[in-house]
Structure formats: structure tokens, C-alpha cells
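The structures come next, written out as C-alpha cells.
Presented sequentially are two complexes of chain A, the first with chain B as partner and the second with chain C.
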Partner chain A sequence: MSPDAPFPPIGPEATRRAFLRRALKAGAAIAATGGLAAWLWDRHPPGTLGLRAPASALPDFRVSDAGRRMAIVTGTDRVRTLRRALEAMGGIGRFIKRGDRVIVKVNAAFAAPSVLCATTHPDVAAELVRLCLGAGAAKVLVTDNPINDPESCFALSGIAASVGAAGGALVLPRAADFADGSLPGGRLIRNWPMLLGPFRGVTKLIGAAPVKHHARAGASMTIKNWYGLLGGRRNQFHQDINGIIVELAQLVRPTFVVLDGTMSMLTNGPTGGSLADLKPTHTLVVSTDPVAADAFGATLLGRTFHDLPYLSRAAQLGCGTTDFGALQPARDDVS
Partner chain B sequence: MAISPSSRLPSARESAAAATVCLALCAVLAWLAHTQSRFSPAVDIAFHEAKATAGTVHAQAQDLVSPLPAALRPMSAAEAFAPETLSDKIDGKAEVYLSAGVAGLRCQRMALAAAPASWIELFVFDMGKPSNAYSVYSSQRRSDVTDLQLADYAYRAGNEIALVHGPFYVEVVATDEGPATIEAASALARAYVAATPVSAHADVSSDQALFPREGLVPGSVTLLSTDVFGFDGLGNVYVARFRDGKDELTLFLARRTGARDATAAAAALRGFFVDDCGGKEVARPALPAGAVIIDAGGSFEGVFSTGAFLAGVHQAPSREGTDRWLKRLSASLAEKR
Partner chain C sequence: MKITTARRVAQIFFLTTFLWLAVVATVGTGWMQWRGWPISWFLQLDPLAAIGTTLATHSLLPGFGWALVTVALTILFGRVFCGFVCPFGAIHQFVGWLGRRALRPKDKMAANAYRPAQSVKYYLLIGFLAAAALSAGDAFVGSLQTGLLDPISFLHRSINLAVLPSADVAFERLFPGGRFAVGAALIGGLFVAFVLLNLWIPRFYCRFICPLGALLGVLARPSLWSIGKTTAKCNECALCDVDCEGACNPMGPIRGSECLMCMNCLDNCPNVSPLAYVARPSPGGEVVGHGVSRRGFVVAALSGLAAVPLSRVGGATGRAWSPALIRPPGSVAEDEFLARCVKCCECVRVCPTNVLQPAVMEHGWEALWTPVLNNRIGTSGCQLNCVACGYACPTGAIRPLTLDRKQGLGDFEKSGPVRIGLASVDRGRCLPWAMDRPCIVCQENCPVTPKAIYVSEIEQTVRDGVLQVVSVEGTTLGVRGARLAPGRFASGDYACRLAGEERGHPIVANTQDTLTLDPAQKMPDSVEPGTAAEVQVRLQRPVVDPSLCIGCGVCEHECPMSGLRAIRVTADNETRDPRHAVLLSEHPS
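Let's look at the complex of A and B:
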């Protein structure tokens, strides 16, 4: 076979030229393959397929010396019940210090009027802002990720106007605010896009949620409220709604939560739509233990924590207690 | 320069082996191409929308109702949501519609021309067929309502109007229940129905009438589309609550294609209660024929079939009550069907 043939023999009679030619061809093939692989390589794979070792998406926002506390105040005026509940917890100053940067995570999931109680009531959001600023907070941010048209959700729920009037800063979710977050050891929250941008520099986190029936989860209260920190096609988590709520309970450790049961949505949640879905239950809860708050909230819906499987599982994992009575909650009435 | 001792041509056997390897590689390539062409939708979504926050608004060029009633003016563009994006609009409530076969949602907000602070949102759920529309309607029907003569099964509950129009389940949600707002909401519902011709209407009155009248909790008849009692093999079942003294229980019935189908459905449901739910069959009463009573641990289930109907009692507090209501339901079916 001639040295100029496509595959000249390599043997004792091989020439240096034949060897170099073959080596060049092999090198070109390797380079082409490598180039193709580099061209096809996705440097930004979807979160669920990422292989990075998960790191906790959020720090622990609890106040170390506050312990597990809870206050239950009855009344129709949300501002008064909230103020009284926080006083019973030792005052807002116990939780918010001068210079703190605070996030109030509201439920602004729907572009619905506040009268339907499908979202955090604007009075609660605004009063939390005022209280935090009054305690010396440097900045109070209010945010949520409603997915569908956040601007309308915040505007029509009344939250945008009330927060602005109270001196808070509304943070509408932008694409740049999302980053992959994980729950260490989590099964569902692994490199999942989360609303983490607003948390830069934040030192305290407050959750504020209404008491609602939920078609899939049974109820939507303070722990389910963290669902609004998830981005992406989070609706797939509805297939394991209890699992995702438990992981959110593990992931998010707030300074305290506010559960607004002034009006509770008993049916057709989480959207409701009719005033007939609501029942005046005239109760507001503040708690450093979201599991305890939600276990109490279940009673406002005519249920017990046994009806909400995620609460027992979250308690088993050390996220709180379903036996809210064990916290010896402070009770008062400001009707 | 010696690199390899071999300079011979490959043998026929070696060529065959090489060809086999090449064919195998081609097969792998074809499999890869086929698999990649049928990429998992979940992964596809993750690739393209994982970072998405807003932007799922699918604005429609036209108003949902045209012309709008004079009292209203558009407040937003009409939006449209497919089943896979429905939760962007209604979050966890989407499951209610997805399980009933929703084909899409269109919605739009309108403000009162004379009082822009009052506004109304019109939701039109396309459920594919009238029975599905009735199913989601009945599962959400409020208890304290005022019936309206606007369309099929129309009612008002406070600030909201709900109705079934052909394959569409319609909700008109207002910000308040003031007279002007409610009048505008009614006009909007009326205008939508007038502008939307449908070829078939939900007519469930004949099936609903098969339930006994005595003890029926008003407004409690519901058509469940899927996963009835948690059994994924059971759908399109009417359930109704009944008062039995101080207790309450549920009766159910479902029309099947024929007697054989109904008998098979009854056997499958019995199997679900016993095998999947850990129930124990405790009685086979003489009437209705073929009925079984199952102790489900704290409550009792009763199942039978008659003609093309699957029927029974769900979550009765006592075995005696189950037996009694099985007979009542059987008698009602025999009398009315």
C-alpha cells in the first residue's frame, strides 16, 4: 500500500511523513470532537439536573434568645391584634434591632382585592413595616413571587399602596433576583430557582399569611407561604404538596411569623372568590414557631393538625411543635 | 521507525467485526436521536423557563366579552392560560380544574365606568364538555346562594356569580357586593352568555333526581370527575350528603355504559375499599342484590350495582345505617330510573 493511501500501513516501513500525517488527522479528529462537545455543553443546566453539592439557600433568621413563643389575640382590627400580639411576645424590639434589614414575606399570590382574604391583608403588611421601622430597622423590604403579573397582584391586593405609605420598599421579583437554592439533604429543593436576590444583606425575616383552605394541601398558612420563594415551574411540586411544604419548613427559619385569621377562608381555597367562602374567626397569631402557628390555624378552619400531614412531618423533623399549647401561648382580646 | 508490526489488510472476519461495531454505534446514535427528539416536557420546561418569574401573561387582543356592558370598561387585557400554565393564575386551585379535564382559562378584569375603584374579574374555564363544567361548578358551589335566571345553574354568593354555560364554567368575581357592582356583574354574565353560543348544555337533573329526597342536604349534590373517594379507577360519580338523625353520610351513584360495566365498577370499588384501604367486608345484605358492606375502620361503605348504575353509601357512621340507606337508595333508583 502506498504511503499516500488513506490509511497507509504503519510498520517497519512507515515513513516519518506518514506518521505525521496520521498524527495530524488523529489530532484534528480529537479537536473536532472536543469542539463539538464544547459547543453542545450547557454551562447553565436546569437546576434540578445540577450536580453541585447543595448548600442551604437561606440563613437562619431566628433570634437566638427568643425561643419558641406564641401569642394569640382575638379582635377584628388587624392593627390592634398584631400590636398586642407582638407586645405579648416581648415587643417588636425583642426581634428587630437598630440597623436590621428586614424582609416581610407576604402572600400576594393573586390579583384579588383584600376583601377576599386570598392574600396577606394590606393592614398587616403595613403595620409590620411601621413596627420594624419604629424599632430602628434600616430597611424593610416586602416581597413575594406571585408568578402571574406580580405588579397587578401587589397593586390590586392593596399591598403595594399600604407598604409604600408605611415606608417599606416593595420588591417585585425580577429574573435577576432568582438563583439556584437548595435544602441540604432535600429531596425536592435541590438547585431550584428561588427568589434569593432580595435577601442580600437581610438580617431578619418575617412571614405574614392569611388562614386559607387549600384544594391540594388542605390549608395554606405560614409555612405554605414560603412556597412564594420558589421560582421556575413550581407547580410540579403540587404532585407532592406535603413534601414540598415540609422541605420549606426545614429550609426557612424566620424571625417570626404572623398568621392572620381575622377572616378565614374555609372553602374553595386558595383563591376563594366569594365572600361566602370566608368566616369571621377574629384571631391573629404571632409565633416564632411556624408549625405551632399553623397547628393552631388549623383549628380556625375547623380542623386539627392531624388533617394536615405536613405539620406532623415538619414537627418530626424538628421544625416546630404541633402541640401549640405546650408553648403556653399568651392570649388576649382587643375586641 | 517501527510503530506497529502489522501492515496486513484486515481479514474478512475482522471486517465483519468492525462492521458490527459500526452498526452498533449507529444504533446507539439512532436511539440517542430518538430519545432526544422526545425530550421530557419537564426537563424542557426546566431548560427554558426555570428562571421565569413574570411573563406568563398571555394577553389576548380581544376583550372576553364584546361589546362590554355600558357600565364597564376594560381594566386589563384578556389573558389565556393552558392547562400547564393554569397554576400561574390560580395556584393550587388549578388541581380542581385539571382533574376535571380543563382545556383552558380565559379571564379579564373590568372596572365600573362610574366607580373605577370597583372592579370585576371574569373567569371562563373551558372544561371541554358540559358534564365537566358542571363537575367543577358543583364541587365549588357555595351553600348560601341566590339562584339567578342568567344561565344554567346560575347563582350569586355575595360578591360572586357562578354559572355553567355549555362546556364553560364561568365565575364573575367582584370587589364588593354593592348594588351597582352586582348589577354590572350580572350584566357582564348575561352579555357573555348571549355572545357565546353553545351546542350542548349540562343536564344533570335526571341523574340527580335518582337520589332519595328525604334527608338530602340542599345543594350538596356534586359530580366528581376523577379519583372519587381517592380511587383513581372511579370517575363521573354523583355524590350527595344526607342527614340521618344527628349524623351525616354520603350516597353516590354513577351511570355506566351497561349492567356488565356497572357490576365490574362495583367489584373494583369493593376491591379498593378492602385491598387498598384495609377495609373488611362485614355483610352481604339480601337487598339490594349483590350489595356488600365494608367496615372501613370507624365508618362503613356500602356498594352495589343495579342495571347500568353503580351506587352505594360512603362513610356512614354505622353498619345498620349503611344497610338502611342502601335499601333506600336502591328503592329510589328502582322507582325513578
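Let's look at the complex of A and C:
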């Protein structure tokens, strides 16, 4: 184009009408850009995130009128001891109502067969599912974020098969299921990745754990079982194992917990790996107070709550009582 | 039904089967899981994998009976595997058709003209087979590198390690928690590149690169039947060249070894013409050679032969063996491993924890895309109760193990478990060893019975932990000497040892200048002001027992030192090579 060529016209005609039309389009484009920016506007830009008070990662799942109760039933058949213990607590209907969505948090930490008792027994998991469904629960989810490969853990422990047969839904942790969660006022659980995805819409939480020796914490029972709700590099918390268990006791307020001491792992915990690590203690506990359940569990391991510092501290913080006798636990034998 | 329709049906069937076997290669008994599916069947059908491993090891595994079927079919009918069966070929053909379907016949014909570069694949084949065949007694065995370009290995790798995990990223249906493969971008990038090259020249990979196609081309040379003419002359309309996949010049003289048996020429040929699938030789004339010159043959063979000693001089299979090269359990010793592995990565695919990864170049170029454990990736280390990889391996590079054999139980008690390596604690990084912080996650998670990691206990005085008592009130001591961080010593791991006492008193609470001791432990009758009080942390420090460690890597995976782990597995003491043993034998043989 030569330098003195006429400037090409923008439209067919440079009329007032054409100009107004173009001005309208320009205005719409600017408004659209502004609207898009407003829609995408980050009201919590980096730098102010830490100032927000973290909300509790989990709601309180306790049933207000159930009170603090505990049942201790001896016997070898887990289904019978569990059923009897729940009857003694006033029946499953006291805790699970029609339409409830329930999570059963099992301990499926290791890819080991159930006979080694390093994981929640499949009979316990399945019976809890059946009882909840029988009480009218709309859905019963069973989940954990295990240490070994999740699929292998649920398969080898027998939990996947038994829960499936009982009509429960097994939830394998997906990356998308983890979200940052906090314990208000907590020191360790602050914006920490937690397995919160399955909790959407859930109204009741049941913990089910075996009685195990634990090299670092002394024992792993119902409260340590909540460790499986943590994600991320959670192993760092072993620097302060009692601290993290206490925070879990504060954060997680279950509907009730089941502590399975039918066989107790006395040595080599928490993995075990040999029948020689196990001792038949033939006791199963159901409790609305996890601290009391664990304090009782300590006795199955030949210890007292004094040997597990997290129990006294959790009790001081109002998570329960180490004096399980004060709950006047119902006792029975179905062996 | 037209023969081309039959060919398309077969291609769709075999590609779908291939993809199905890729999807179900997950350990488990669900309907979309492994169950009993023959996930490595296409590799067993693959004569290149069969001949390569046989040349390198002088043994033919029974599973390769399927490859004999392919060989027999090729000798009888030509390269029907390429045209009807090969799933990679089906992808190439489809993409090539998609990109060129609107072109004028003249341009299609130009793309389908024979090019001398089609002999490159034969030179590659010659080089690969020469490298595999080379053995020098006990000094070394050949190096099997066919898997780099074998289309079945290539497609398994691409689909399993790049395509499926990428497609599943957002859904996590196939791989809950995600799936990782080291160097997936290279694997997937090559796949995309070779697929896109079909837009330039149809069946690019098949015509120029594919060493399996070259092998089948050689086998097809004496085939009883092939595409050809029934008479010497036709009206030479050249319509047969328009959709020719192999660029084999069906109008004649035809290059039978290049013909992919796509049968498009039969479809395009006007009825009056004499083009047909005929008993050979075709009256229309044939080019029997492969475009391989004698000089080229010698150069390719010598290059392949020379590549093996050259790479061995690097020492990766000798004294400079890589301690980071941890092979899956059941693997044979490294030189035989390199003579067997076809780099299909089926083992990597089935590994339930994703700990098994394709090697890139860090263990020498010969080990490219062979399986290696990476304990930082995946959901856990190598699982104690898993033997999946050995059952996925089609070539015996990883031997199938029973659980008893793997764990050294039952009949195998005396020979002990299969060890893939040995863990060792880095005492300069380990929290309890180096930083006076409690931890022992590794010890807890050790799956071996009895645990291969045990702890050495010590009460260690903490930094600035030497204090003097200034006051006593019940079990609460007022102290001076350092300002204490409030609550820091209340975790249950700390104790206060008073001068003259054997045992420390567990600390249950502290402020910046007081320590509250556990009332359950009896206090001395009187504590004078000025008494020395030391704050001590009870540490359990992990120690590995090498006679029990199997190298599974669960400890390394769980170690909270998230970057460079403080406990790490190396291939030392692996059972597959007695030269890598660390301990003296404890049993008389």
C-alpha cells in the first residue's frame, strides 16, 4: 500500500448510525470483560488465606440423647458380641435413624489377611453395615485411607468382599476426595489434607478398630483409627504422636465406636504379621466415648491408661473419660 | 462380504481386544479386572519378541507357541498380521485414512509410492537381532533392544503408561488416587508423534520403522499366496495405488514383502482387471528383495554387534551396577534380564501400588523402559502379599513366584525370602538419629515378621535441657537455665531426670519456667533448690537387620523426610545376583 493511499473505511459507510452501532458493541465488549473479571475475582488472594479462622473439618456426629454409654461383651463370635453390645446400648435404632447416611471408618491400614488382625475384621464391618441398613439407613459407606495400597488393603483384609455382600458401599480414596481440614484451635491439624470427600451428606459416623500394639504410640485403638482420615505427609505427626491423637480425639466426634478385642495384637504392632503376635482376649466394646473405650482396651494389652499419655490429655480436654468404670458399662458374655 | 470389510472387522476386533486387555490389567477379581484375562497375549503372538528372546537366551518359552501361529500364517498368506491383527497398525491406518480421505487420487498415489527409505526397518531389525544374538560365553549375553520399537511393546507402553492414566486423571475411575509413570511424556510424546506422522505418509511407522513388520516381511518372502496379477498385463489404470497401505506397488512388479495385506487394491481394481489374491509367483512380476544392500546388511549387523560390548564397557552390568536399579521380585540376574525384557511394561501396568516404574536413562541406555522400583512414587512399596508382576511378564525376565517362594515359607524356608534390596538408615537425616525427634514410622510399617527394623532406645538430653530446680510445689518444679517453649515437653516423649536418680520422671506439662511431672511416678523425698534437672527425650532409633530385610521399600515410602528419604532401599543384597550379596550365609548348603 502506498503511503498516500486512502485509509480504508471501517464500514460500508461512516454514518452516525454505524458509529453508534460500533460504540454499542465496544461498550458491550468492555462490560463483558468487566463482568468476567468480577466473576473470576479472587476475594481471598494469597496472603490473606492464613488469616481466615479455619472451620472444623468435621461436624459433631454424636446423638444428643444417647449420652455416654458403653457395653463390654465377651465371646469369640464377633457378630454375636457386636449385636449383644449394641442391644445393651439400647439398640442400633438409638443411634441410626431412617434416612441416615452413615460412614463406617474401618482400620484397613495394611494389605494383610484378616486372620492377622492388623485390620478391622470383615465380620465387624459387614455386621455394622447390616445393622445400619436394618435400622433404615439410606446408605452405609465404608472407607479408610490406608498405609499400603488401598485396593489391596480392602481386598486382602476381606473388608471389600464382606461389605459388598452386606450391601455397603466401599469408598476407595481418590485424590479428589482430599480437602484441607482443620481443628479449630488446633496446633497440628491446620489446613491439612483430609479424607473429607466421602463425608458429603453424611449424618452418622461409626469407628471400628481392632486392639493393637503400636510401637510409637503404645497402642492403636479407636482414636488412633482416625489417623486414617488424614492425608498428605501425615507421617510427620509421629514426631508428636500423642499430640496428633489428642487432636484427632478433639476433631472427630463419632456416633459410637466399636473396639474389637476378640484377638489383641500384643507385639510387632501395628503391622503384626504373625499369629504369634496375637492373644485371644475375646472381648468387644461398643462405646459412645472413645476415650473410655481405649482406656478399657489398654487393659486387654496388659496396660493402663497411664501408659498411653494421649488418653489423659484427651480426657482433660473433655473428649471423654479414662475412668471407664464411671460409665457403668453393661457387661455380658455370649461365648 | 468384501474382503476389505472383513479386514476392518478384524482390525476393530483386535484393537478393541487390545484396549480391553489394557483396561482390565488391574489386579483383582472384579469384572473389569485381571481375573484370568491373558493380558500379555499380543506379546505372545509377537514373533519378534519370541525370536529376540530366543536368540538372546537360547530358550523359547512355551507361551510363545502363539508366535508360531503368526509365523505359519505369514509364511502361508503373507503379512496378514500387519493388515488384520496388529492393533498399532489399525491405529496408523485409521489416522492415515482420516487425514487423507479428501485428497485427490493423484496425491494419494504420490503418497503411496514406494520409497527406498522403507528398507530402514530391515536395517533396524538386523541391528537389533545382531545385538540380541551376540554372546561371549560367560562374559556376557546379548542385549535385547527390540522392545524399543516393537509395535506391540510400543503400544502397550503408550496405552498403559501414558494414554490411560492421562485419560483417567480427571475421573480416577480406573486408577483411584491417580497413576504415575516416570517419563510418561516421552512415551506418550513418541506415540503421538508416530500417530501424527500418518498425516504426512500413511502407515509411516509400518513402512519405515517397524522391526516386527520387517521380520514378517522377511517371512512373507516365500509365502504361498499373495496379492498379484493373474495375467502379465492390465490396462494400468493405477487405481490400485490410490489406497495402498504398504506402498508395495500392486500394479506391478509388486513388492510382496512390503504388502500389508490391506486388500484395498482388490477393492479399487475395476472388475475387468486381473488383480487378485493369487498363488505365487504372480505373472505380473515381483520384486523379491527388501532393498537391503550387502554393504548395508554388514554395517547394520556390525553396528548391532558393536553396541553390546560398547555399552557393557560402561560397566552398568558389571562392577558399576546401579544400586538404585531395584528390579521387581522374581527378576533374573541383570545380564539375563536385559536378554529377556521386551520393555512392554506390562509389569508396570499391573503393579497394584504403582511402585514399579519404567526406567528412563538413569540406569544406562540398555535399561531404558525396563521395570524399576521407585519407592517415592505410588501408594506403598512392593507389597508383601503380591506377586502380580511375575505373572504379567511374557518373557520370563520376571519369573512368576508363589507367595511361599517369595516370602520364604513352607518348602522355601531354608532358601529364605526373595530379597530385592536392602534398606539402610541415613543417620544424618533420620529424625531420631540426627534431629532428636521421635518418629519410627519405618519400624512400624515394616511388613516382615519379625520386623527387619528394630529400635535402639536412648534418653537424650535435649538442647538447652540442663536446668536447675529453683522451687518445688507438688510435682511441679520451678526451673531456670533456659526459657522453655510452653507445652513443648508435654507430648509424652519427654522426661526430667533429677541429679542422683536413675530414671527420669515423665513430663506432663510445662510453662516457660516450670515442669510438671507425672504424679504416677514417686517423687524423691526432697528436692533441694539448685538440684540439676535434665530434660530428656526418649528416642527410638531405627536399625535395619540385613538378615531379615527384603528390600520392599515400604519404609522408604513412609519415611516423613519427604524429599530425600532418611531410610532408603538399594539393590544391595538382592537374591537375584549372588555377587550382590552382603551377608555371609547362615545356613550350611
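What we mean here is this: the second predicted complex is superposed on the first by the 282 of 335 C-alpha atoms of A that agree within 3 Å, B and C clash if a C-alpha of one lies under 4 Å from a C-alpha of the other, contacts with A are read in each partner's own complex, and residues count from 1 in each chain.
The rule is short, and it goes like this: a contact is a pair of C-beta atoms (placed from the backbone, for glycine too) under 8 Å apart; a residue touches a chain by one contact, two chains touch by 3 or more.
Just so we're clear, the structure is a prediction, and the values are computed from it rather than from any experiment.
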item: Which superposed partner A:152 touches (first chain B, second chain C, both, neither); value: both
item: Which superposed partner A:273 touches (first chain B, second chain C, both, neither); value: both
item: Contacts of A:115 with chain B and chain C, given as first, second, both or neither; value: first
item: Partner touching more residues of chain A, whether chain B or chain C; value: B
item: Which superposed partner A:329 touches (first chain B, second chain C, both, neither); value: neither
item: Which of chain B and chain C A:210 touches, first, second, both or neither; value: neither
item: Touching partner for A:193 - first (chain B), second (chain C), both, neither; value: first
item: Touching partner for A:238 - first (chain B), second (chain C), both, neither; value: both
item: Touched partner set for A:175, first chain B, second chain C, both or neither; value: both
item: First (chain B), second (chain C), both or neither touched by A:309; value: second
item: Interface residues of chain A shared between complexes with chain B and chain C; value: 110-113, 147-152, 156, 173-175, 214-216, 233, 235-236, 238, 241, 268-271, 273-274, 277
item: Contacting residues of chain B [partner chain A, same complex]; value: 1-7, 42-43, 45-47, 49-54, 56-57, 76, 87-96, 109, 119, 121, 140, 142-145, 157-160, 171, 173, 175-177
item: Complex contact set, residues of chain A against chain B; value: 1, 9-16, 19, 42, 46-49, 109-113, 115-116, 145, 147-152, 156, 173-175, 177-178, 193, 195, 214-217, 220, 231-233, 235-236, 238, 241, 267-271, 273-277
item: Parts of chain C lying in touch with chain A, wherever the complex brings them together; value: 26-28, 172, 176-178, 352-354, 378-380, 383-386, 431, 437-441, 443-451, 455, 490-493, 506, 508, 518, 520, 540, 554, 558-560, 562
item: In the complex, chain A residues that touch chain C; value: 110-113, 147-152, 155-156, 172-176, 214-216, 233, 235-236, 238-243, 268-274, 277, 306, 309-310, 312-313
